[in-house]
Structures are given as structure tokens and as C-alpha cells.
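The letters A, B, C, D and E name the chains in turn, as written, and every chain counts its residues from 1.
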Amino acid sequence: MTDRVREILSWYASDNPGVLNNLARMMNSGRLAGTGKFVILPVDQGFEHGPARSFAPNPSGYDPRYHFELAIEAGCNAYAAPLGFIDAGAAEFAGRIPTILKLNNSDSLLKGEDPCPAVTGSVNDALRLGCAAIGFTIYPGSSFRNQMYEQIRELIEEARSVGIPTVIWSYPRGSSLSKDGETAIDVSAYAAQIACQLGAHIVKVKPPTAHIEQGEAKKVYEKAGVKLDTLADRVRHVVQSSFNGRRIVIFSGGAAKGTAEVLEEVKGIHAGGGFGSIMGRNSFQRPKAEGVKLLQDVMDIFKA
Amino acid sequence: MTDRVREILSWYASDNPGVLNNLARMMNSGRLAGTGKFVILPVDQGFEHGPARSFAPNPSGYDPRYHFELAIEAGCNAYAAPLGFIDAGAAEFAGRIPTILKLNNSDSLLKGEDPCPAVTGSVNDALRLGCAAIGFTIYPGSSFRNQMYEQIRELIEEARSVGIPTVIWSYPRGSSLSKDGETAIDVSAYAAQIACQLGAHIVKVKPPTAHIEQGEAKKVYEKAGVKLDTLADRVRHVVQSSFNGRRIVIFSGGAAKGTAEVLEEVKGIHAGGGFGSIMGRNSFQRPKAEGVKLLQDVMDIFKA
Amino acid sequence: MTDRVREILSWYASDNPGVLNNLARMMNSGRLAGTGKFVILPVDQGFEHGPARSFAPNPSGYDPRYHFELAIEAGCNAYAAPLGFIDAGAAEFAGRIPTILKLNNSDSLLKGEDPCPAVTGSVNDALRLGCAAIGFTIYPGSSFRNQMYEQIRELIEEARSVGIPTVIWSYPRGSSLSKDGETAIDVSAYAAQIACQLGAHIVKVKPPTAHIEQGEAKKVYEKAGVKLDTLADRVRHVVQSSFNGRRIVIFSGGAAKGTAEVLEEVKGIHAGGGFGSIMGRNSFQRPKAEGVKLLQDVMDIFKA
Amino acid sequence: MTDRVREILSWYASDNPGVLNNLARMMNSGRLAGTGKFVILPVDQGFEHGPARSFAPNPSGYDPRYHFELAIEAGCNAYAAPLGFIDAGAAEFAGRIPTILKLNNSDSLLKGEDPCPAVTGSVNDALRLGCAAIGFTIYPGSSFRNQMYEQIRELIEEARSVGIPTVIWSYPRGSSLSKDGETAIDVSAYAAQIACQLGAHIVKVKPPTAHIEQGEAKKVYEKAGVKLDTLADRVRHVVQSSFNGRRIVIFSGGAAKGTAEVLEEVKGIHAGGGFGSIMGRNSFQRPKAEGVKLLQDVMDIFKA
Amino acid sequence: MTDRVREILSWYASDNPGVLNNLARMMNSGRLAGTGKFVILPVDQGFEHGPARSFAPNPSGYDPRYHFELAIEAGCNAYAAPLGFIDAGAAEFAGRIPTILKLNNSDSLLKGEDPCPAVTGSVNDALRLGCAAIGFTIYPGSSFRNQMYEQIRELIEEARSVGIPTVIWSYPRGSSLSKDGETAIDVSAYAAQIACQLGAHIVKVKPPTAHIEQGEAKKVYEKAGVKLDTLADRVRHVVQSSFNGRRIVIFSGGAAKGTAEVLEEVKGIHAGGGFGSIMGRNSFQRPKAEGVKLLQDVMDIFKA
């Protein structure tokens, strides 16, 4: 148990030893073990975007075992997926990598509405499958946001009571936000704050842009002279907005893109004090060796 | 216990012995016992289309005992029906054929809305009636899809906890899909994936056409050069989309049609690696001897 | 215990002895005891139409005791009413006639919407009041049908588990049906089938007319040459649609009318194999002696 | 225990001794003890109309203790109020007067919708506070009526199971009724019937006018020659519509008005066989001595 | 235990010793201990307005520990915040200041609807975190008011049963009120009354203006000659409307403003008999020493 892991656990002092143990389990797994940094493999795109859009570029990914193997070989801290994918490998890969059960999901067959995922798994499933955490997506800005906030409130309470921590994917989206607003720095920081206030142990947001969506936030940033020029600056503000860095905040990679671009972004996240990356399509849509290499290159940045 | 059945059960290693036992019960019943293939008789049309449209062509079908007899005489793996029909024969035919209790149903007196079945049975009913599985229909593409996903999530969890596996009928339909889109290959594969991710043990979809509904999927298929020309190709893609063939996927026959046409379609399903057929109107709307013969001809294809 | 009652009970072999006992209790009560035929007095019009419209023609009916007495004196199999009316006589008339607690009701102060009754009683109330069955109205064709189907599903399961059978009043009505369609033969048969599939032990429908509402049903009737000319023909088809006569189907009388007309209709129901009549306004809105006589004349037809 | 109280209790023979005991507790309290008549002080106007509109005319009423004292000094059978008011005096006045906990309330800050109160208390609160009954308002004619009927159904069942009877305030109101229709005799009688059928032990309605709202009711009244000319006639019809007088029906006073007018109305209620009055603003908005005198003058009419 | 605290507790005589103990805990904490007066630090703005708008003016406030320290150093009676903020300090600051867990919150990413917060915490959370009270916001005037009233009804019952009192933030707002109406004296008094009737132990409202929103209230105020000229007059009327001063009513400060203005307002609240102030942005958005000084200056006014 490194001092850094001990320090991070100290931020969650109100939680029970079961929750601390599972947080430690993730922090002490993989190539980043002991650093307090995270690289997580998430694979919910089969549900969210459909199987062909997700796995046709690298058909190995149709097989649920592939992602367990990829995450294990790369040395990730954890592997996150919906019920079906976890179920299909939990027994075979038991004890080899912490898993995060994503408890809500949306398909993309229906368009045009504000986002509102279905709850697709339970805390009991997470216990049954030996998961280290539950995951849940909220969409601040959606007209259905309250429904999601109330669902995760109940799930966090239940999960915590049985020693399971919670990862919240906080993705601003909905009719009240512009497209640019979804990754605006003010909105991203707000999304991180909401997830923390709801009781998330780990928060996942997208890398924020320099756009500012809300007029009232703009005034405050200008008056206080908050530095938001570089990605590192903006990541630093999101980390600050996550209880001054006393909650673990990790960043997603978004759509598949070039390796150089991915690593450049990760450097910004690391420079700003981000706790890690969660990287799906950029890793599992490549041949396995390339995917493993990319994930390990990312880890190397966070180890630096 | 054949090697093939043992192999199929290995895909469900995260499930408890009760669930495995009931999956094995279906795979070890009827003329396809031990092959890992399925021919199931489903009779929910009385609820879905009305009694005369379903049973007037062969009035024996008004009697709930008829369908038990048909399935037993033909040597089906299982017989699936709503509460009333199962209730009306469960005691008399106990121990003679595995039954699947369909837990939701729609009537066709109300038109024009996106589909949203009523829940019409429970896991307790399935236990009480000695069923080997529960069945549930989801309509991806319906604006009520989340309601169905959340209902089946709860039912799967409850059923699994008492050793009962789940069959999901995944039928894309609703205002967000074109009529052709309901059986489009991209949509069918997506529907199978959703059912698998929701935790279905067995998935039932319609035979997919070569139509591609979603622009983004079309791009991916073209880029990856996915072969979709023949029914066998398309079935293969649906099987691949069902966790790379590690979930049982069976195909329905749809509206009543000629024998030759039915058997031709079944050959395509078999050639593509489909796990079987579920065949209602094509079998029970014929005189019993003809219905038995058709079901057995179908079985013979899967035994080949 | 007559052979006929024993035979009817055999259709419900999947049910527990408690349910069979209560079905037998109704079949062995009154002047039709042992015949397997039913004449039931239902009095929910106070709630459904208001007190004056229901009871002003024969003011004795304002008193809840009157209907117990009428049903007992006439020798009915059972008396059905909402919570208040049963509550107001259950202790005084305990052991003298089986009662059916109607668990949902609508008032007629609000017009123009699709029908959607309120649940107004519980299975616990039925147990507490010593009832032999629960009653519930569904309105196939209403946009609220699923709500009713799901309510009765839960109530049937609960009632059955404590040995209480269920009577479903299946009344097609709602914006998707024409006025004539509410009693059309295809719709009536469909309504009976739905009630049976939902698990009803006894189904109550209105006497069907020769009108056919649905185009697709019309084609089937014509092709199969189903005989629908007389009321007896149509009743026979409804009985057939109720699991080929393996569920008890009884018919209501509708609005008050002349004695000859009532008896003529009952003869048609009897000729078609109907299991009995449920007759409210035609009996309780007359002076008691006349009401008793009418009910007994109806019984005499079913005894013939 | 007088014969009259014993007789009234006999109407509730299906209820348990706990419920009978609490009904008797109210009938044996105050200056009308033993007569089977009721004068109840209700004070929910603070919630329904706001504090100043309710209590500014007599500022003593801002204090929750005032209403306990008023009801005790006047010799009322019971005092009815929402959770806050009962809570604020229940300990201090324990054992001195039966209380009725009003379990739903509406504020008047929002206008224009059909009425739909919030549930603001529970049966557990009633037990905890030693109440003799629960109270609940239904608005027949509101598009939300079913919600209220289902809420009170559950509350009655729960209350009854712990020996607590139920008082239903049945106030027709909503978009389906004209303003005059809210107190029309046909609608008032119907409202009383609905409350009785829902299982109310005591029903409260407004004094009915001679207006007839529903065409179909009008025909029946005319045909049957129901006498509706005087308030006494109309009260008699409402009592008849309450299970032929076998349920306790009391009448409210409505808006504050002159003493003579109040007493005249009470005489009509008494003459028609009403079981009592429930009188709020007319009593608590006067100086205490005057309020006590008015309540006692009303009692004297019912004692006559 | 001072006489004043004892007196205040006597108003809550219907509550259990657990609730009284926690009320006493707050009244016996900090620089106002024993006076029966309250100065509370509330910090829910991170959730309600976003992190930058809340904490950029004084970035120490991003850290959840800061607010515990501020409240402790200033000598507040209690510190109120949502789940995340309390969770992040509860263990470290256990036993040093009573905490109030805010159980519902709204974010400001979605505009234009009537307010309807999400429930974001539970009574179990309050117990687990050692809180002295739960807090909850209602918005009288919102079309979602009933939902909030019913949520807090359940929470109050649950909290009370485990010895936890309730603070209701009663903020009139919504489409049925004008902007001025939100702080109108009639509406504020009504909002306080509603909170008391719902069972709140402590009520928090905004300082009322002289505006009168409702025509019917205006008539009553004029007729009764209620004095509403000064803030002290209006506070006195709100206190009177809170069960004649037998419920604790405290007042918020609203948006950040100048020190003189804040203290002037507090003097009015004190003069009118208000029980204290709850002051967030005006204290935590200043440097800590200034924030402590302001809070203590406010306390000094209430000690006078």
C-alpha cells in the first residue's frame, strides 16, 4: 500500500472499509498499481452504438472475452461494461482484473429526444459478479436529469452499504445545451461538481474545451481571472471543481482518432492533474497488439 | 450430456446451477436433444392477434391442450405461451415438455402507437407452473423501449436468482424505424446485441434482410467489407453480434407461408450458424399431422 | 359434488385447492347448485352510474342489505359488489351466499376519456370479508388497457396465492373502437380470449352482435366459414374463444329491458353453451318479488 | 353506551373492535355524547387558504392550541386538522378530545387545474398522535379523481387494520362539472355514494342545492317523483344515498356567514336526518366566546 | 440547558426524545448556544449554481473541508450541505459541529420549467453521517409542489422515527407567481404555514417584501389592519404564521451583498422575532477572516 493510495483513500474517510477496499483494489491493479492513477477500459459501445459500428473494425471485439484479455494484457486498473459483457466473462476471468458494472445504457435506435438511459443492471448483479464498482451515466442538461440523479442516489446508497464504490460518467447533453456546450469548460466543471455532490467516488468527464456556455459563469471566470487557455488549465479547473481534487476525476477519449492526437490529449490531462483516462474505441478497435501498446503508452504518461 | 451441450453451458459460466440445469433441460428435450439446436413452438397469437385470426384456420388450436400435444408429438425443445395457455395445461402435461412462460403481451385492438406490451405474468407464475424459462418481448426502436428494458432487467434478475433462464424476443419496431428497417440486417444485429447485453440467455430475432437502415452502420459495413448477401451471411452476422456466438440465437418464421419457403429459410438459418427456429403459425394453423411433419422437417435440417 | 362440477374443476388443475374450493363453493350454491351453471347478481351501479339512476326505480336498493337478500332469496350462485356494499352486509349475511368483491370501479362524473377505472379494493379485503372471488373490469380497446392488464395480473397472482379465484369483466371500449365494435362478435371473442390468457377463472362479456369490427378478422371468419348468424352461434364462438370452453364464460344483460326480451336473450346464451348470466339492473330495479321471479326464470332456462 | 350508539355501531359489523371503539370514542365525546350526532371542528384552512385569510379575523387562531381549546370548550365530538396543527397540540391535549388527522391537503397558490391534493400525513402519524380517525378529501369530477380514490383505498385498508376509522370529505369539483354542479343534489348524492362504496365510515358533503347537473339523473328523479324541494328533502336524499342511512353523513357549513343563516341551514340538515355538522370558519373566525356559543347552538339543534 | 431552550423544546412535545435531542444539539452549539437563536452556514450552491459561480470568488471554498472550518470557527449552530460535501468532511469533523443533510437539489443547467429538485440523499445517509437534521426545499407555487410535499412527508416521517428533525426551505416560485410574488409578504407567510403544517421542525424563508400577491389576502390584511410596513413587521407576521411563533423560523440572506446591507437586514429579522439567519454566499465567498467576522457580527445582533 503506497502513501499515495493511502492518501487518496483518506479523502473517502466517511465510507466503510468495504468501499475503501474496492477503491484500493482498483488502485493496486495493473501497471499503474500504487500510483493513484487510472487507465480503465470501457466497452459499452455495443449497446450504445450497435455491434457493427463498435466491433467491425476489429472483429475480435465481438467476443466478450476479448476485452477482458485486452484490459489484463495492457495492465489496466479496471474493465467496465454492461451486464451482458461482464456476465459473459466474470467466471472465466475471476480474480484477474477489477470490473465495473455499467448499470445504465442507451441504444441509438431512437433519436431526437433528450437522453435518458435505461437501468440495465443492479447492485446485486455487481455483487454476484464480483465487481469492484458500479458505473452509471448522468446527463446534466437533459430534461430527464432528475430521474437519473434519483436513480443513482438510490444505487449509490445501496452499493455503498455493501462495500461497492460508484463511478459516475457525467456527460452534459440535452435540449438546454448547445452542441459546443456539452464540452464547455464551465459545463464540464459543473458536471463534475454534480457527480461529486451526488456521492460519486470516481467521476468521469470529457476533456473540456475553452468554450464557456453560461453567461453567468463567463462573468465569474473573467472577474476571478481563472486560467482556461490550455487543456491542462481546464483539466486543473475540473479537478478543482471536484472537491478541490479530493475526488478521483478521470477523462474519456471520445471518438476514435490518431495515436499522436490521443497521446497529446492525455499529456494535457496528466499535466492538469487528471487522475487518469478511460479509453474504449481508441484501444479495442485496433488490433490487439496496437491496442495494448496504446494503453501502455497512456499509462506511461501517467507514470511520468 | 453431449459435449456440445456441455460447451454451450460453458458460455453461461457466471450463472448458477439452477439456470444451467434449465438450459440443459431444453437442450436435452425432443428430437434435437443433445445437438445444441432448438425448435420451439410459440403460441401467443391468441393474445397478440385475437382468437379467430389465430385458430380459425385449424380450430383444434382453440384448445390449450392442443399446443402441448403438438409440441410433444413433434419433439420440440420447448413450448412457449402466455399465462392462460400454460396454466390450462401445466398440470396435465407436467414433466412432458419444457415450457417457456411469456411474461408480456400486446393485443392488437389499439393501433398506431409505438409498441408497449403489458406485463402479464411473473417469475412466481413460472416457478408455480414448473416452467424451464421465462420469455419477454422487447421492441428496440419504440419510444417505450426503456420501460421494457427496465422490466426485463428486473425479471431476469429475479428469474436467475431462482434458477430460471430468460428468452428475449427482440423485435425492432416503432416510430423511429422504417417498415423495412424492422428486419434490416444492421437493426437485427443491434437488436440481438441489446438482448445479449441485457442478460438474455436465449435471443430470438427475425430472419434479417439485406436492407441497411442506419447510415452510420452502412459506412462501417462497407469499410469493413462485411458479407451480407445471402441469408446465411446475415444470420452469421447476427450470431457474431450475439457475443460472437456465445449466446443462443434462434430465428422466427413470421407470417404463415408455404412449406417450401419455410424450409428454404430454415436452411439459410442453419447454414449461417443459427441455433434454431421458433415456429408458430406455420405449424399450429395446419392440421396436426402436417404441423408435426413441418416441425420435424425443420428439425431434420438442424440435425444435418 | 356432481360429475359436472368435478369436470369443470379439472380445467383448473394448475390451481391450488383453495382456488378450486372457492370455485366449487360458487358452483354448489343456490338453485343451480351442481349444474355448473351460474346466475350472479352484480350491483356496482351505485358507483358506476350514481345512486338515484340505480336505486330510485326501486328504493329498497339503496340499502346494501337488500341485494344480499335478493340474491339469497332468488338462489343465485353469488353476489358481486364494490367494497362498501360488501362491507355493509358481509358480517350479517356471512355464510349465506358466496360474494365477489369488485376491485375496480369508475364513476360517470367525468366523460370523454378512454375508460380507466380506479382500484377500489384489495385481496386482503376479500379475505377479510370472506369473499369467494375477486372481480375486476378490463376495457380492451382503451388506451389505458395495459394499466388494467398489469393491475389484474398482480391481483390474480396475489388472490390465487391465498386461494381466491378471479372473475374478469371484459368490456371492449375506447377510442380505438366504434360504438358497434364494443359488442362486435370478433371483438367480444377477442375480449374473452384476453381475459383467459390473463388468467381469469371466470370471464364475463356482453352478448355479442353479428357486427364484425376488424377487417382482418372478417377475412378469417369468411374464409373459415365460421357460423355467426344467431346469438347462439355467436355465444358458441365466444365460448370456443375461451380456451375451447375450458374456462367459465358468463354473459351480462346490459341495460334494463322487458322480461320477454331478457329471457329470449338468455335462451340464446344457453343454446350457445354459455355458462350463465350476470343480471343487475334487470333484477334489482324491479320490486323484490318480480326480481326474484326473473332471476329464477333465468335459472330455469339454464337448468333446462 | 346508549342504544343509539350501539345501533350505529351495528352498521359497521364487518369492522374490527378497534375501529368500532374509535367510532364510539367520537360518539361518546362532548355535549352530543350518546346521541349519535356529530359537531366537529375542522381547521385545515391555514394550509388550504393561507394563514392570514384564515386567522387574521381572529388572530388567536394562529396558535395551534387555540383550536384544541375551542373544540374542547364547545364540547365538540372531535377536532380535525392537518399534521402540523395536530402535532403541535397532541401531547398537551392528549385524552381531552378525539382528533382526526387530515391526510391530504391542497394549497391555493396554484390555480386553474383540476383539484389534486398532496398526501401530507400517514396512518402511522395518526397512531403516533393518538388520533381517533383519519380524514381525506376526494374530488369526484376532477380528472385526478382516480388517484385520490386509489390513495384513500390504501389508507382505509391500512387504517382499518390498526383500528382507525376513516372520514371522507367528498367534494365534487373539476373541469367536468359546472360551478352549480358542485353542490347539485344529484352530484352531492353521488359523491356520498362514492365515499360509502370506497369504504368511508363517516362521509362529509356540502349542503346540496336543488340544482340537478346530470340529464340522466334528472329523468330518473322526475320519473320516480323524488322530493327535492327543501334542504331537508335533499339532505334526506343524500342520507338515503349513503347506504339508506347506514353510514354516518355530516354536512359542512362552507364560507363564513351570519349566525342566523348558519343555524337555519343546520335546522334543515337536522330535519333531513343528517348526522351532524362540521363547522370551521364560522366558529374559529369569531371571538372564542362567540365561537363556542355558535357551536353549542348547533349542538342544541341536533339534540332536539 | 437554558430555560429558553427548554421552552422551545416544549413546543415539540409530540416528538420523541431523539428529535428533541437533535434540536437541542443545534441550539446548544456555537456562539449562540442556549439563546434559542440560530446562525447556520448553508453551502449547496455548488450543486445549485455550479462550482465557479459559487467558489471562484474565494477558491478555498472548492474544498469541502473549508466550510466545516468556517462554520466551526465562526461558531455557527450548524452547517448544511448536500450529500457529497457532508460526506467529504463528516469523518474528519465528527463531533465538532451539527450538520444538516440537504436531501434535495436542483442544478441550473435547465431553465424555464417550474422548479422541481431531485432527491439526492436519504435519511439513512443522515444517520450514517451523524447529522443533526435533514433539510429539504419545497417550492410552493410550482406545478410540481405536490410531488415535493409528498416526498418531504415521507422523509419527515422516516427521519422523525429515527430521532432526526427536519428543516424545510420554503421558497415560493413557479409559473403561478409573479417574480415579486416570490417574496411577497402574503406568499412568504403562506409558505411558512405550509412548511409548519407539513411537520417541519425548523422553517427557512426569505425576508419578505411589502408586496402582496394575492387579491384575497390583500382584502384580509386591509380589513384586519395587519401592520406590514417595516421588515420587522413582516418578519413578525411570518413568525405569527408559523404557529404563532411555536415553530423555529429562520431567514436567508439571498444573493451576496454589502456588509452593511446584510447587517441591516438581520437587525430587522431580529427585531421582528425571527429565530436566526442562514447565510451562505455572503460568508463563504469572502476571505475566511471576513466571513467569520460577518457571521459573528450577525450572531451578535441575535445575542443582543
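Structural remarks
Following the convention adopted for this analysis, a residue touches a chain if its C-beta (ideal position, glycine included) is under 8 Å from a C-beta of that chain, and two chains touch if they have at least 3 such contacts.
Remember, it's a predicted structure, so these values are computed and weren't measured experimentally.
Here the chain-to-chain distance from chain B to chain C, counted in touching steps, is 1. Steps from chain A to chain C, minimised over paths through touching chains, total 2. When the CA atoms of chain A are superposed on chain E, the rotation angle comes to 70 degrees (nearest 5). Remark: chain B and chain D have CA centroids separated by 58 Å (rounded to whole angstrom). One simple way to say how far apart two chains are is to compare their mean CA positions; for chain A and chain B this gives 36 Å. Among the residues of chain E, none is found touching two or more other chains.
Think of the chains as beads on a loop: from chain A toward chain E, the beads read A, E, D, C, B.
The part of chain C that touches chain B in the complex is made up of residues 11, 13-15, 140-143, 145-146, 149-150, 153, 157, 161, 172, 174, 176-177, 186-187, 189-190, 192-194, 196-200, 214, 216-217, 220-221, 223-224, 226, 237, 240-241, 243-244, 246-247.
On chain E, the positions that touch chain A within their shared complex are 46-47, 49-53, 56-57, 59, 62-64, 82-85, 87-92, 105, 107, 109-111, 113, 116-122, 124-125, 128-129.
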